[in-house]
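Each structure below appears as C-alpha cells.
Next come two complexes built around chain A: one with chain B, the other with chain C.
This part shows the complex of A and B:
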C-alpha cells in the first residue's frame, strides 16, 4: 500500500469509526434518527442523547486519539527512539497530577471546568520543569532522562494525593479518573480541550521536515538548516498543549502514542514526516474503536478505555523489547 | 586563485578547559580539493564542524564572503555548504532514494514535496555515487561501504558550493575509495570548494590540490601535497616513516615504520 492510499484508507476508517461511535450505545438510535437529531431541530430525548452524550464522546475520541497518535509519531521521530510516547516526557503524568489536585482540593466539585484547566496547567508546568532540568539545547537522551524523572515525580505526587485523600470516595474518584475514560463528557469539555489540541497540532505539523532531517543525526540535520533548539521548543509546546488538554478531559490513556506509529511506520516507508498524518488518523481510529469496544464489552459496568488501551499496549511493548533484544544479540 | 568561499581567521576552539585548536588561519576557494590530515585528535573534525557552522569558535572568526550568506540564515547556509559527518548515522529504515532526497530539504519549504529539479539533483547524485538501481533499497540493509556512498550522495544532492566531508572514504573498498576521491576532485574542478578529512596520504598526494596538516592544535604545514608531505613532516606530525614512490606519473606514500621518538 502506498502512503497516499494508506492515508485515504485511514481517512475512510476514521469517518466510519466516528459514525460508529455516534450510532452505538445503550439506547438504540438508528442512522436516520441520528442524522435528524444532529442536523434537524429535534429537542426530544433522542436528540439530547445524540447531541449531548454521543457527539462530544465521538469528537473527543477522534481528537484525543489523533493527538496521542500524532504526538507519539513526533516524539519518536525527534528522539529517534521507537519506544517514545507522550507519557515518557512526563506531560501526561503532570497533566494527570494537575487534574487530581483539583479533585483533591475539592475545587472540581465547586467549579466543573477546574478539572480540565488543572490538567492543562499541569502539562505546562511539566514543560517548564523539563526545560529547566534538561536545558535549552538538551540532547534527546538528556530529554528522555529528565522526562522519566519528571514522570516518576508526578506519579509519586499523585500517590501522595491518594494517600492523603480526605475520604475513600475521593480516593476512588481519583483512581477511576486516572484510568482514563471518554464517558460522560459534555460539549463543554470539547470546547475547552479541542482548541488547545488544534493549536498543538498546527505547531507539530511544521516539524515534519526537520524530523526527516534528524534521520541523519543531529549534526547533519543542523547542516541542512534546522535550528534544533527551536524544533525542540515547538515540539515541547505543541505536545504539551495537545496532550495536556487531552489528558485533562479524558484522563491518562496510554500506549496509543506508542502502538499506532509503530504499526504504521513500515507503510509510509519509515519516513518521519509521512508518519505524522498517518499516525494522527490511526490514533483516531484506534481510540474511537476502543471506545466503541468498551461500550459493547461491558455496557453496565463501564470498562475504562485507559484500561483497555493498556491491556492492548503493554503486551505490544513486551514484543517490541523482545524484538530489539534479538536485533542487538 | 579566486576569492575564498570560506575563510577562517585566527580561530581557536576549546571544550571546557581543553584547547583543541589555536590560531588557525585557513581558507578554501572555489575549484580546489583540500585534504585535511593529521593524527587522531588533532582537531580536524572540530575545524570542519566550525566551518559548517555547527560549533562556535572560542576566538577568531569565520567569513563566508563569496557565499552571500547573511548571518542567521540557516537555510541559505544549508544550500551553500554541505556537511558529511564522519560515520554518519541513519536512524530509520528509509529507502535509499528517500535518504538521498534529504539533501534537497534546504531547497524546500516546511511542506514542500520536491520539484522536477529536486528529482534531477537526486538522480544525478545517485549516479555519481554508483547507486543506480539502489533507489528502493532499504538503507539499514546496506553494507557499510554502500551506506557511506548513500550518505555521500545525500551530501552531493544538496548541490553545494562547498562540501565539507569528514573521512568520506572510511570503510570503502579500494575501488570505491578511488571512485569517491575522483568524485570529490571532479566536484571541485567543476567549481565547488571541497574540504575532506582523510588519513590516506597517497590519496592526499594524488587527488588533493592542497593539503593542510594539523598538529598540536595548529596548522603545521600547508601547500601542494608533493611539497609538504616530507619525511620530516610525517615524522613530526604523524610519528611515522614512509616509503615514497612514483610510477607512471602516480605518486604514493606508504607509512612503514613508527618514527623514533
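This part shows the complex of A and C:
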C-alpha cells in the first residue's frame, strides 16, 4: 500500500470509527435518529444524548487518539528510539499530575483553563527533567529508563496528591488519572482541550521534513541546513501542548503512541513525514475503537480505556524489548 | 416530637431505673462497660442505644455530618480509625463492627481473644430493625433495643405510603453516576415512600453505574441527589454535565442527605418525611397541570 493510499484508508477508518462512536451506547438510538439529532433542530431526549453525551466523547476519542499517535511518531523519529512514547517517557504521567494539582486544589473550578494549562505545564516539566536525567546523547535504554523512572515518580505523586484531597472518591479517581477514561466527558472538556491539541498538531506538522533529514543522522541533518535546536524546541512545545491538554481531560492513556507508529511504519517506507499523519489517523482509530469496546464490554462497570490500550500495547512492548535484545546481542 | 437521641435517652433511663426492665429475664446480661465500634453504621446505633459513659470509642467517620446522622452525639467521644492496635489499647468488653470491610481487623481481634460482633449490611427496611436488636444485644441492652425497634417499626408503618397510581418516577443519582437498585436501602426507602424508581425499572441490583444516556432516556419525573460535597472531585462532575442539566432543567430535583439512608438507622424516617414533601409537591403540580 502506498503512503497516499494508506492515508485514505486510515481516513475512512477514522470516519467509520467516529460514526460508530456516535451510534453505539447503552441507549438504543438508530442511525436515522442520530442524523436528525445532529443536523436537525431536534431538542428532545435523543438529541440531548447524541449532542451532549456521545458527540463530545467521539470528538475527544478522535483528537486525543490523534494526539497520542502523532506524538509517538514524532518522539520516535526525533529521538530515533523505537520505545519513545508520551506514556512511557513520563510526559502523560506529569501532565496528569499537573492537571490533578489544579483540579483538586479548586483552581480549575475558579478558572477553567487552569486544567489544560496545568496538564501542559506538567508535560513541559517532564520533558525538561527527561533531558536533564538522560543527557543529550542518551542511548535508547538510558532514555527509556529515565522515562520509566519519571513516569513512576509522577504516578506516585499523583496518588499522594489524591490521598490528601478532601474527597471520599479519591481512591477511585487515582485510577482515572493513571489509566484514563472518556466516560461522561462533556462539550466543556472539548472546548477546554481541543484548541490546545490543534495548536500542538500544527507545530508538530512543521517538523516532518526535519525528522526525515534526521533519519540520516544529526550531522547530515545539520549539513542540510536544519536547525536542530529549533526543531527540538518546536517538538517539546508541540508535544506538551497536545499531550498536556489531552491528558488534562482524559487522564494518562498509555501505549497508543507506541503501538500505532510501529504498526504503520513499514507501510510508509520508514519516512517520519509520512508516518506522522498516518499515526495521527491510526491513533484516532485505535482510541475510538477502544472506547467503543469499553462501552460494549462492560457498560455497567467502570472499565477504564487505559486498561484496554495497555492490554493491546503491553504485548507490543514485549516484542520490541525482545527485538532490541536480539540487536544488542 | 422527640428526636431519636432524646427518645433513646428516656427509654435507657427508665430501663436502668428498673421501670421497664422487670420483664427482662433474671440474670439478664449486664450492659457492657467498654464498647468499641469500628463502623459508621454500628457507631450510630451504639450511640443511640448505649450510655455515653460506656462507649470507649467509635469510628472517626461518625463525626462527619455528610455521612453520619448523629455527628453531634459523636463530639467528645474517643474516635478510632479501625486499626486493631487502637482497639487493643482501649481494652474493650465488646467490639461491634460491620460484616463488610475491616475483615483483617476483625480476624486479628478475634485471634487475640476479643469478642467481635459483626452486624450485617442494611439492604432493606426490615434489616434496620434486625440491626438495632443485634447491636442492642451485643452491648447488653436487649430491652432498650426491643423498645427502639418497636418504636421504629411504628414510625415506619406510619411513613410507608400506598400511593396507588400517584407514584412519581424517580432517578436516584450518586456521585460518579452510580445509582442504588434492588437490595439497597435507598431504593427500598424511595419505593416505600411512594415512588417508582429508574433503578428498579432497569433491573439494577445493588449499587451500580447508571450510564447518563440511560438516565436521560428513562425520562424520570424527579431527580433525587444525595451527596454533594463542596470539594473538587471528578465524581461530582456528572452533576454539572450539560446533558444532565438540560434534561432536568424543568423538572424538580430533590436532595436527600446521604447521612439519612446510607446506614440502617432510625434516621431513615427523616428521609421518608423529606420524600413525602417532594411527592406531595409533585402530586399537586400534576393536578395543577390537569
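The rule we apply is simple: the second predicted complex is superposed on the first by the 265 of 329 C-alpha atoms of A that agree within 3 Å, B and C clash if a C-alpha of one lies under 4 Å from a C-alpha of the other, contacts with A are read in each partner's own complex, and residues count from 1 in each chain.
Basically, a residue touches a chain if its C-beta (ideal position, glycine included) is under 8 Å from a C-beta of that chain, and two chains touch if they have at least 3 such contacts.
This is a predicted model, so every value here is computed, not measured.
When the shared chain is aligned, chain C comes close enough to touch A:53, but chain B does not. In the superposition on chain A, A:166 makes contact with chain C only, while chain B stays out of contact range.
Looking at the shared chain after the overlay, A:226 reaches chain B, while chain C stays out of its contact range.
In the superposition on chain A, A:80 makes contact with chain B only, while chain C stays out of contact range. In the superposed pair of complexes, A:214 makes contact with chain B only, with no contact to chain C. When the shared chain is aligned, chain B comes close enough to touch A:269, but chain C does not.
In the superposition on chain A, contact is made by A:206 with chain B only, not with chain C.
More residues of chain A are in touch with C than with the other of chain B and chain C. Chain A has no residue lying at the interface with chain B in one structure and with chain C in the other. Residues of chain A touching chain B in their complex: 80, 206, 208-209, 212-217, 219-220, 222-227, 265, 269-272. Across the interface of their complex, chain C is touched by residues 25-27, 45, 48-49, 52-54, 103-106, 108-109, 165-170, 172-173, 176, 183-184, 186-188, 299-302 of chain A. The residues of chain C lying in touch with chain A in their complex are 175-177, 204, 208-209, 211-214, 216-217, 219, 229, 231-235, 237-238, 241-243, 246-247. The residues of chain B lying in touch with chain A in their complex are 49, 52-54, 74-75, 77-79, 81-85, 88-95, 98-99, 102-103, 105-106, 108, 110-112, 151, 154, 158.
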